[in-house]
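Each structure below is given as structure tokens.
Two complexes follow with chain A in common, the first pairing it with chain B and the second with chain C.
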Partner chain A sequence: MDYILSLLVFFPAVAGLFGFLIQRDAMRSYAITIAIIELIFSLALWANFDASNPFMQFTEHASIVPAFGINYLLGVDGISLFLIVLTTFMSLVGIISINPNTKDLKELLIALLFLEMTMVGVFVALDAILFYVFWELSLVPMLYIIGVWGAENRIYAAIKFFLYTFAGSLIMLVGMLVMAYFYFQATGVWTFSLLDWHMLQLPFDYQLWLFVAFFLGFAIKVPMFPFHTWLPYAHGQAPTVGSVILAAILLKMGTYGFVRYSLPLFPDASVYFLTPIAILSIIMIIYTAMVAFAQKDIKQLVAYSSISHMGVVVIGTFALNPEGITGSIFLMISHGIVSGALFLLVGVIYERRHTKKIAEFGGLASVMPRFALIFGIMMMASMGLPLTIGFVGEFLSLLGIYKVSELFAILSGTAVVVGVVYMLYAYKNAFFGEVTNEKNRGLKDLNGREYTTLIPLTLLVVFLGIYPKPILEPVDNSVKAMVSLMHQKALTEEAREVIPEIKSEEVK
Partner chain B sequence: MLEAVNISFESLNMATLTPMLVAIVGALAILTIDLFKEEMDKTLYIVLTILFLVADLSTVLGQTMGERGFFDVMLIDGLAILAQIVLLIGSIIFIPLAFSSQRFHEYRYPEFFALFLFMTAGFQFMVATDNLILIFVGLETASLALYTLIVLHNKDKSFEAAIKYFTMGALAAGFFAFSGMIFYGLTGSVELFKIFEVLEARNFEPMILILTASVFMLASFGFKMAIVPFHTWGPDVYEGSSAALAGYISIVPKVAAFVVIMRIFEGLIASGIVWIEYIFYAIVVLTMTLANIWALVQKDVKRMLAYSSISHAGFVMAAIMIGTTQANSAIFVYWILFSFTNLGAFAMLWVSHKKDSNYHERFDHPFEKFSGMVKMSPLSAVLMGLFMLTLAGIPPFSIFWGKLYLVSSAVNAGYLVLAVIMVLNSAIAAYYYAKLIVYMFMKEPETGVDGSVYMMNASISLKVMLGIAAFFTALSIFIVNPVLELSDFFIYSSGF
Partner chain C sequence: MSEETLLYIALFSPIVSSLFAALFGTVPKRVFVGVVTSGLIGLSFLSSLALFIHLQSGSGVVHVQMFDWIMAGDFSVPFGFLVDEVTVTMMLVVSLVSTAVHIYSIGYMEHDKGFNRFFSYLSAFVFSMMFLVMSDNFLGLFIGWEGVGLCSWLLIGFWYHKHSAGWAANEAFIMNRIADLGMLLGIFLIYWTYGSVQYDVVFSAVSEADGEILTWIAIFLFIGAMGKSAQFPLHTWLADAMEGPTPVSALIHAATMVTAGVYLVIRANELFALTPEVGLFIASLGAFVAMFAATMALVNRDIKRIIAYSTLSQLGYMFVAAGLGAYWIALFHLVTHAFFKALLFLGAGNVMHAMNDELNIMKMGGMRKVMGWTAILMLLASLALAGIYPFAGFFSKDKILEVAFDGHYYILWATLWITAGLTAFYSFRVVMLVFFGKERYKDFGFHPHEAHDYMIWAMVPLAVLAVIAGFFEHQFVAFVSNVLPVYEFSEHTHHMVGQLILVTSAIAITGIAIAVFSNMFREGVFSSAFRNTILFKLFDNQYYIPKIYEEVITKPYMELSKVFWEKVDMKIVDASVDGIANILRSTGENTRGMQSGNLSYMLRWMAGGMMLILLFAIVYTYSDVLLNILQGVAK
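== the complex of A and B ==
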């Protein structure tokens, strides 16, 4: 198990390179096989993961540029473990979901395999530059996927996606370089290793500036209000598989960045910026939910609702207590599964009707009952109905922020309410009532390929909704370790108050 | 009666001159061969040129640091050796582009290769001295050879380009002479180290004269390197030259110019005359930003690349202004990594060049030419895409590491605002590089174009060159450390 992380990162990419040799018709089977093997690797990682150890495991280390302190440093802890499993799982689901008749299928699958490498890489990298390499590299396959297989306005959407995230992350890069310089000044050693950086206590005003630099990079990716404008375009134009991966995993890279970088590196600044970020998140939650309500296009609706829920993730993270952070990490997982599933479902109906306008549908429940059932479950999960996966994370996040401020909790709780409104309204219009549009009358219900992708997702939604412990426990351990590190590092009185002290027996 | 001057041969320390002599002897040899037997095939001359350059390089590698020679005019320090290595490797990898499958006018003349070697020698003289007069001689030798090389392409556009370049070059030469004159008038010397000694002793007074001289010097090299606002000739010259030569112009002459600027301005910026730094700062920011914005609206890929190399030169100028050891080392790291990528990008244009006819009535490489390229010629599209991504600074490809080190040097020296401006410029630049990717991968092919146009001019050697460029670009992560250590070592040991 020594090199399992390298294997996880590079296996899909190497397989993708070999993919060029595969004959066109056999490519789909090849890609699915690779994705299954990759999923098995990640499950093996989970199986061998020591849940009681809150620190980095399976670490690998090699120097890339020793003269400048850039390392090949990998590791997982409870925070990243499930994001890795989510990545490999959703990649598999995404790859299966692709219609075999898609044009240039081979190229699309190869792009997806490369994308999988970059996504896993982001979650396992513990060196800032390595992280940045994977982070930026992930833009390229996505640019290609949106730009080639997207809808009519795809090129604009692809370029907008690319430039927005690229600009944001470049500012983050400057932040990383400054951080490395501070570390160099303090210790005389050049390093970009995150584990070393975690040990450094930065003066308060440095923290503020660096926090802002990192924040820009992550916030654009999440995407936080007011940087969210690229996402609806990207979703609107991307092919189904692109939207699935984008919503399920790429957005999580931003929130993961907050947890992995912003909080432990800059605890005081995190507390200092708690209120502004909470306000931004609340605006994001309420505003995008209202925008979602106004959408006539069902994919745009899902896209805006996905942004709205990411707001809950951010606010949970910035509750800065174990409940909030654990909740937001769980919510990342559940959001990945649920929004991925919703985009798949939209893709199902789009493939049949070639339209995404809600007004074109109506009465689908009588024509496609099974589709309607799964859609219904996913929608409930998205709204955060108890006993579905969506509830656990949302509840914990809101609980976390409640400890900081009751007002914030109440305001972000409206997300649930507004979510119910737009989701049920759309569901009513699309699925209930008489079949008003003749074109909808002969629609076929789900086929085998769609069952293969949707049923596992549905099972997960229900199972983890009822019994979230296998995920919550390791996450919680690592989060507690991180929070206690933050508490120890905090300089200001205020930060010490907001970031709770974790008693040592609680950190197992 | 005048006494005879006795100079022992040893005191000349001819070892310092050997590399340039090798190049010059090579040029003369090529001319001599032509005298004995005319109309030989270009391949003979190409291979000879490469061999002479390799010999030149090996003598450079044999030089010891800290030597002076030839009446103390030559100065071989770490900077000189490093710069010569970069210059020569640049020349060695560019000259094989002459192995094009189509026959071009310029390669029929052995003079082309002789001039090429003279030019290389000129650049070597520029970097291996701190004497203003020898810098001037080297500069003019190289420039005059270069004008001729451009015009040998023998098209209307090349004449325009050469004349434009020549006129601007003459103006720049005038500026250089004027600036050198002021320095000489102030200090009574043309040796840079003496100039700075005297200036320092008198506390950089009179300031106005030093400022004038610096501005003239800056303008002179601004013209040579096409830095905003002296860049106007740049894109036209790139367009008029063959793509192979344009690639060369974008890389090698600039190295020589960087070194001279470094030698001259390091002391001036440190002099405490804030105006020099302000002017430099303004020029750096303008060069990066404006060149990027102009590149956004270009319709021709070659012109776009021309503006892009201006912008990249602006990055390097920023490092010269910062002036720390790390920054100076970053210049070379950046430029070495940049040259492989730019070689690749221009070589891609070169292999798609068709003799005697433009693809389009106005431009030879409009973006439309590359529309849907991936459908017809997937491998070349992927290569070009790789070079574009690299130029945009996407990790882990070569330029990213240079940029990382350079921006880091800005951060470490306290130029935070400059660092932010630099990365924002990278973001702007990403747009026009992505534009070509969009054309290649996401648009439908234009009707009536088949894939053959992209490899029109390719030959085995050209493909090998492309392969080398792509290899170093894609796998640069493994060469960054040695390049960085090499560059650090030479720069550090020459005290910059």
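== the complex of A and C ==
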């Protein structure tokens, strides 16, 4: 198991390279096989993961540029473990979901395998430069996927996606360089290792500036209001598989960044900026839910709903207590599964009708009952109904923020209302009523390929809703260790108050 | 069989039933689906009965914890279930009414193509409701709470091809969700105050928190209760929920789900007992809703809506008792009400079935001749609802009035007293218009017929209980007093009981008499003079509240959403992003001329650039000197 992380990162990319040699007809089975093997690797990682150890495991280390302390440093803890499993799982689901008749299928699949490498890379990299490299590389396959297989307006959407997120991450890069410089000044050693950075107590005003630099990079990715407008375009134009990966995993890179970088590196700044970030999150939750309600296109609706849910993730993270942070990480996982499934479901109907306009549908429950059922289950999960996966994370995130401020909790709690309004409204218009549009009358219910992707997702949604412990426990252990570190590092009185002290026996 | 096993059977046989029916969800009707599910729900009832006997024998509460559900930070909540006297009472009511409704539905839904699906939803509801009452913690209760909300959504919208059904289902869900936010906040506050959401931990430490926090917890929890129990101003969904099949209305929107709010207040009585000011608010709101709903029932012509408003009104009665600290009386009325109201709804279902789903009571009349048994059963239910001796409603409703009187809340008492008269009137208005008088249905070409025998038989146990349940008052008090505080009446009230009963019965009988006589003379039609009054218009339009909600909330929300999308998101947020991008691009476009490749042109640029840099260097190097000069000039 020594090199499992390197294997996880590079296996899909290498396999993707070999993909160029594979015949077109065989490419789909080849890519599915690779994705299955990759999933098995990640499950093996999970199986060998020591849940009671909150710190980095399976670490790998090799020097790249010793003079500047740039290393090939990989590791995984409870926080990143499930994001890796989610990545490999959703990549497999995405690859299976692609219609075999798609044009240039081979290139699409290769792009996806490369994308998988970059995503896993982001979650395992513990060196800032390495992290940055994967982070930026992930843009390339996605740019390609939207730009080549997208809808009419794909070029605009792809370029907007690329430039916007790229601009944000450049500022983050500057932040990283400055951070390394500060570290050098303080200790006389150059390093980009996150583990070393975590140990550094930065002066308060340095923290503020660096926090802002990192924040911009992450916030655009999440995407936080008001940096979110690239997302509806990207989703609106991307092919189904692009949207699935984008919503399920790429957005999580932003919130993962908050947890991995912003909180432990800048605890005082996190507390200092808590209020403005909470306000932005609340705007995200309510405002984008309302914008989602106004959508006429079901895919745009799901896209905006994603933003609204990410608002809950961000506010849970900035609750800065273990309940909220663990909840927000769980919500990242659950949102990955649920929003991925919702985009797949939208893809199902788009493939049949070549339209995503809600008004074109109506009465689908009577022609496609099984489709309506699975859509209904996913909708309930998205609304955070208890015993579905969506409840656990949302509940814990809101529980966490309640400790910080009742008002924030009440306002962000409206998520449970506004999130229901647009969903039920869309569901009623698409699935209830009589079949009024003749084109909908003969629609076929789900086919085998669609069942293969949707049934595992549905089972996960219910299973993890009833028994979230296998995920919550390792996450919570690592989060407690991190919060404990933050509490110790905190300089200001205010930060010590907001970030709770974890009793030592709890951090094993 | 051990108590634990019984508990699990009572809880899980409904979900087994639901999943079984779901297997046949998309295939045509299978009668055995109805039979098997009824059997499984019946099994749940029998287990509940066995648990009741167990508790009756004084062997103590049954408490089990299955496994951990959510654990994060210090928060930890298991799937835990607790059966004590209050729980078992609720379990019996829920499973008994559910069994009756399941059997009844086999007949009621016999021609519906969603037969199997219906039973799947109905059993899922029973599971959620059992979960709600059996949980040993607030979050488990919340699972059931949301579960019944989901099933209610599915069942109200069961005939989803109807636009109104889909709309009503969504309205119910959304309105409940608003209240659920209150409930969630209550749970958050409980956790951060007591460090746990387990009933036993919270209630044993309940007085340790300071008064303000307690008040907030009570308010938050009651907001949750207001949604489920459809209290003003979150009441409009209940009448619209009548879009669902009638057995659903009987089970969910009369006997069980809507009483969940009352159950919550009873369950958390330790907490509400410490916040009397919140209790008084609950009681006042209850009394208001009791009368408010009764007035709407007075003039309505839709048989199901009338019964729905009456449910609302009776829930108000229960909240008065619960708010004033008479928890066992609230529970008692909840129980008796479940029996006679479910019976009333099922009777209404028979009538509707006979009339091809016609709901307007003005088109009925004289139907006792064709459906005698239904007429008798509905008459019994109406007598119980009106609170006539010796029917069940008499005992429980009277106790509530006594409580209001005893606490010197004479305004509440008077409100409830008048409402008792209204209740009697509208109940018998329905009975008279449907079963007596001229057979108006003939003018509309209906050919009513009596329901299947087994449907009638399914109603009989409810009818028997609606008649006799009141006589078990003393046994009931003794049974639940292990959990609930016994309400002590003052000596003064004790002496007055006789008079109070007389006064209340008098107004109820007067109400009935008016209904009967007015029907004899005028066929139940209100005089045109009354129909033109503002009061009548208010009642008839439900005080214009649905309209106000539409204008003040729904439409503005839609409009604002549109504005947010089209104006704010597209025109402001996104346009400024594109604006920045455009500025960068046009800067590039405009300066591209520099790179024309023309040597002399580029040399000129270079010379200019050099000059600039030199100038900059000079200024930078001699900045002190320059500053001195400038200061000199300034002087």
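Here are a few things to note about the model shown:
The working rule: the second predicted complex is superposed on the first by the 508 of 508 C-alpha atoms of A that agree within 3 Å, B and C clash if a C-alpha of one lies under 4 Å from a C-alpha of the other, contacts with A are read in each partner's own complex, and residues count from 1 in each chain.
Here is the rule we use: a contact is a pair of C-beta atoms (placed from the backbone, for glycine too) under 8 Å apart; a residue touches a chain by one contact, two chains touch by 3 or more.
Keep in mind the model is a prediction, meaning the values are calculated, not measured.
Taken together through their common chain A, the two structures put chain B and chain C in a clash.
Looking at the shared chain after the overlay, A:Val291 reaches chain C, while chain B stays out of its contact range. In the superposed model, A:Glu434 makes contact with chain C only, not with chain B.
Judged by the touch definition given at the top, the superposed model places A:Met1 against neither chain B nor chain C.
By the touch criterion defined above, A:Leu163 lies against chain B and chain C together after alignment on the C-alpha atoms of chain A. In the superposition on chain A, A:Val189 makes contact with neither chain B nor chain C.
When the two complexes are overlaid on their common chain A, residue A:Ser366 makes contact with chain C while staying clear of chain B. Of the two partner chains, neither chain B nor chain C is touched by A:Ala62. When both complexes are overlaid on chain A, the residue A:Ile40 reaches neither chain B nor chain C.
In the superposed three-chain model, the partner touching more residues of chain A is C, compared with the other of chain B and chain C.
Note: residues 163 of chain A belong to the chain B contact set and to the chain C contact set alike, using the contact criterion stated above. The touching residues of chain A, counted against chain B in their complex, run 64-68, 129, 132-133, 136-137, 139-140, 143-144, 147-148, 154-155, 158-159, 162-163, 166-167, 170-171, 173-174, 177-178, 180-181, 184. By the touch criterion stated above, chain A contacts chain C in their complex at residues 163-164, 225-226, 228-230, 287, 290-291, 293-295, 321-323, 326-327, 330, 363, 365-366, 369-370, 373, 380, 385-387, 392, 395-396, 398-400, 402-403, 406, 409-410, 413-414, 416-417, 420-421, 424-425, 428, 431-434, 466-469, 472-473, 475-476, 479-480. Residue ranges on chain B touching chain A, taken from their complex, read 389, 392, 394-396, 400-401, 404-405, 407-408, 411-412, 416, 419-420, 423-424, 426-427, 430-431, 434-435, 437-438, 441-443, 477, 480-481, 484-485, 488. Remark: chain C residues 25-26, 67-75, 139, 142-143, 146-147, 150, 153, 157, 160-161, 163, 165-167, 169-170, 173-174, 177-178, 180-181, 184-185, 187-189, 191-192, 557-558, 560-562, 564-566, 568-569, 573-574, 577, 581 touch chain A in the complex.
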